């Protein structure tokens, strides 16, 4: 394989640049050229590519975001558009493609593979919601960012006997919320998967007050029943032992310099992705499975597979009080 | 003076513990006892005190919040309550008081002094809105926290061509907003002191888009015309070149380990505050003036004096584009 | 099991407190009492114990070090001393023990088990050199600390065309050095396992200079052929394209607030360790194996088993230039 | 003035890039062109310049180091070389120069001014040893870096009853050492200005041991009597209550993203420096004096003026135990 292309799709995630650097240098070290496609599948449709070199990817390892941009592309769902893209790549001499991104990106991988083009996926998602892999680029950084923020809240919450509501990412998944809550010793976690009644929140506050807790920290996934401002209002309108305030972390979790784990994992995934392409593999995801980084056939798991980490809930509940 | 008391009032601020430690150790090194009053003036009303020792204040220097608690106390406005507090302190052998806090705390300082009790104030406020001093304990930490958050947003904002709205503290003052905007290179700052029309925001976005900027960061003080969620909605409802998202930093700015500057300044203020009391001074604020830490008579400036830093606006506008 | 004891042994590691908190709360939630033994096996010999409660372990999750202390104990190697310890624990009604620590600690686990006492080990070591497990409490934090330090060096190294030598932990193992070098994009890594000639260092510098690199960062494990000061001297005494300076990270890597991963992993390991004891298991290590947290029989792997991560060297060399 | 030039001299310091950005944008906003000179005065000798634009300085505010490089230049001491530089600048239409750097840089400012060329200096030095100003770009960041490092050491030092020696920058000045020691609550500080006997170190250790301190942290300026490794050896060879370990922070203090204070101060200094040049000022240093940023005539203070902050020693000694 003498020429490969590379794009980042969906939301960007810290560590994507480490993967871009690793893919580029590994391919070049194996004698292949590398083309970077800008702004995800949209850039493929619009034919926005530039050649990447060992020098051009220097100094990006520690930077958040994606130097190739990222983003979703509705147009790419159209099979005619997909076919045109394959023609474009082939015409430019490109023989294989690496796609870094979330579960939406895997649909693109499957589609291009179905058209006979060699494609390898790499999981990048701060929500860690990519099916088929135990971890995704960006999740560790996002959790660390949330935990650092909650650490800052604790002392001031204690000084004022406050309830602090911290809204973290997670429209459909409580993964970040649970991990952040366990790691920060929060008093409560509210996620989309487990609906909860307002009265249960009040009861828990009452119980913690009885325990002598000077603060009450709630980690709230953005996809839960209430948004942070709303829940704060509901708590303060009722007669509760803690006065509530809120923080919405928002895109702060998506940004920042990647953690060491995201950098090493993303680098290793990039090396393995190039290896998989060069060995003739296609329609695979470079996944973390059983603690290893392995190319995993997309046909062996469903696009709708959801991760369930039953230990999260148990560990949180047994250690939070 | 053989016995002094110490309290933190109003909102807590990072660095207050460094001041509590310095007051305690300095007084003890000068042969005086130190009594810590819990939860601000309320604790004085409720007679909640405990003796502080060199050992009991060990290990608190680097912690956020206030180990003595803090908070406002409506009851203390009553002159009869104030008189009772003075009787209580005198009865306990306390000869002088140090109050760490914001502008509300200075009213307490004036009131107790008027009753003939020796009181010294130390400015603690993350908003840096204490009259009579150029800096307050906690402001430097709060600004650093906001700047770190905005740094995280830049790369991901660029990857998606986004407008990022970051709501920072400041109900009446744009100080944190301006400092954070200058330090982070934000594209726009919106503060309570300078009303702005929505169309002006849109126009600036259009201008930056013309300049080729891939992102547009707005630092928004919480006391400005709109809250973050509202402004985000207004931007996304109109036809704008950037898609908006928001972050509400909230109490994260009030917490966290204090910066080196807040620790050294708070420590030095604590040393100077004890010195002032021992020299027989009262009704003074330990202020930063002309670059020095000096006890400043409260009668030399108005309780309503507002800080105006005209360079903030000029420096921001000349360097932001 | 109505009463268990807990100690931390060997060098302390960030995350040990998260494990101490999790063990305590899990055991109490299952109806057992928990006794904390101070200063490792030495504290067992000296009978230094105190009861731990849900409240007494509050607020320690985010702190580095070990609230129980740690440390090695030569005296404990003596079988008579071991037998006395078992008598002491039994006399105090303790039915099981959890030991958090490195490979030395596992010898203590094996010894006590041989005497018929129920013991479970939890791996804690910033070097990640505990046999039988893929990860240890503290390693992720140590690597992040090293990476943050190296990130700081890059810009200033470029400004002055410098070689920067960063000495990291690792007397026998290059694990931290390799992980930090991959995650920071260093130009060279020198570890105890792979001896290297001085001329090879010079040649690589010459090659990187030819490549146009403005800086040359070497990550040096402390157990390698040279110490940092020595290698710096050797480089500067010869005729090399980069002027060398050094940093010795030392115990900074052992300290600090634990990373999110170390906190969640340590918490989970603590929950699993108590579960293992309560199920009657003994002589097991709560290990990370195949991506899961599982109690693993100590008889299934050798105390001298060394971890070999062949991908480390390959990934570093293929991506570093 | 239609064209100005800009260079950074001596050691680089975090915040220099914020100043470069501010100078560039302010000058352009006033209608002047800006030329960046690479690698300090050497680049002026070698005529290495490039035009700076508002876009070319985008995204550098938060980066450490200096995008223009920095460094010393022995050659520039020669008056003939200085004259040639002035000819070169005049020939290129440059009418004024801004020099960011330490005390060595001010000699260059004086020399060029003596030749009739308009020059303005801006203080940049992590040691804060520039005469005539109360603060220098980079010092606040360096102190924060040292303090964060020492914070990490405390918990692990306590767990093992250790003496931790932390070597910080400061060949001739104990400023960073004192500020870091006060801000981190160290037990001892050793600086070049105040010689100390080894026995005094031992005595203090003994005293702290009596006080019940579980650790003993020494902040050591690099220009003090001993280097870190040497003092560690001396302590461990004698009979002392604490077992010593050391850390050499080295260039880590010089690097990293600048603190908020360094960014805002450097930005403001850049704005004021351009204003001074445009108003026809020369031979001035943009200094922090009496809490303000003011252009200060170099003839009003001596190049050998040393800063003495007598409060540093007093505040440290009264609060450290």
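The first chain written gets the first letter, and so on, giving A, B, C and D; residue counts start at 1 in each chain.
The definition used in the following text is that a residue touches a chain if its C-beta (ideal position, glycine included) is under 8 Å from a C-beta of that chain, and two chains touch if they have at least 3 such contacts.
It should be emphasised that the depicted structure is a prediction, and the values quoted were computed from it without experimental measurement.
J.: Out of curiosity, which chains are bumping into both chain B and chain D?
T.: The shared contacts of chain B and chain D amount to nothing, since no chain touches both.
J.: Would you mind checking which chain's C-alpha centre is most distant from the centre of chain B?
T.: Following the centroid criterion, the farthest chain would be C.
J.: With chain centres taken as the means of their Cα atoms, state the distance from chain A to chain B in Å.
T.: Roughly 35 Å, centre to centre.
J.: So the centre of each chain is just the mean of its C-alpha atoms; given that, what is the distance between chain B and chain C in Å?
T.: Measuring from centre to centre gives 39 Å for this pair.
J.: Would you kindly tell me how far, in whole Å, the mean C-alpha position of chain C lies from that of chain A?
T.: A distance of 27 Å separates the two centres.
J.: I need the residues of chain A touching at least two other chains; which ones are they?
T.: Answer for chain A, listing residues that touch two or more other chains: 151, 154.
J.: How are the chains arranged in terms of who touches whom: line, ring, star, complete or other?
T.: Per interface graph, the chains form a ring.
J.: If we use the touch criterion from the header, which chain pairs count as touching?
T.: After working through each pair, the chains in contact turn out to be A-B, A-C, B-D, C-D.
J.: List the residues on chain D that touch chain B in their complex, please.
T.: 18, 21-22, 25-26, 29, 54-55, 58-59, 61-62, 134, 140, 143-144, 146-147, 151, 154, 179-180, 182-185, 211-212, 257, 259-261, 263-264, 267-268, 270-271, 288-293, 311, 314-315, 318-321
J.: Give the list of chain A residues in touch with chain B in this complex.
T.: Spelled out, the residues of chain A in touch with chain B are 11-12, 63-66, 69-71, 145, 149, 151-160, 162, 164, 228-229, 245-252, 254-256.
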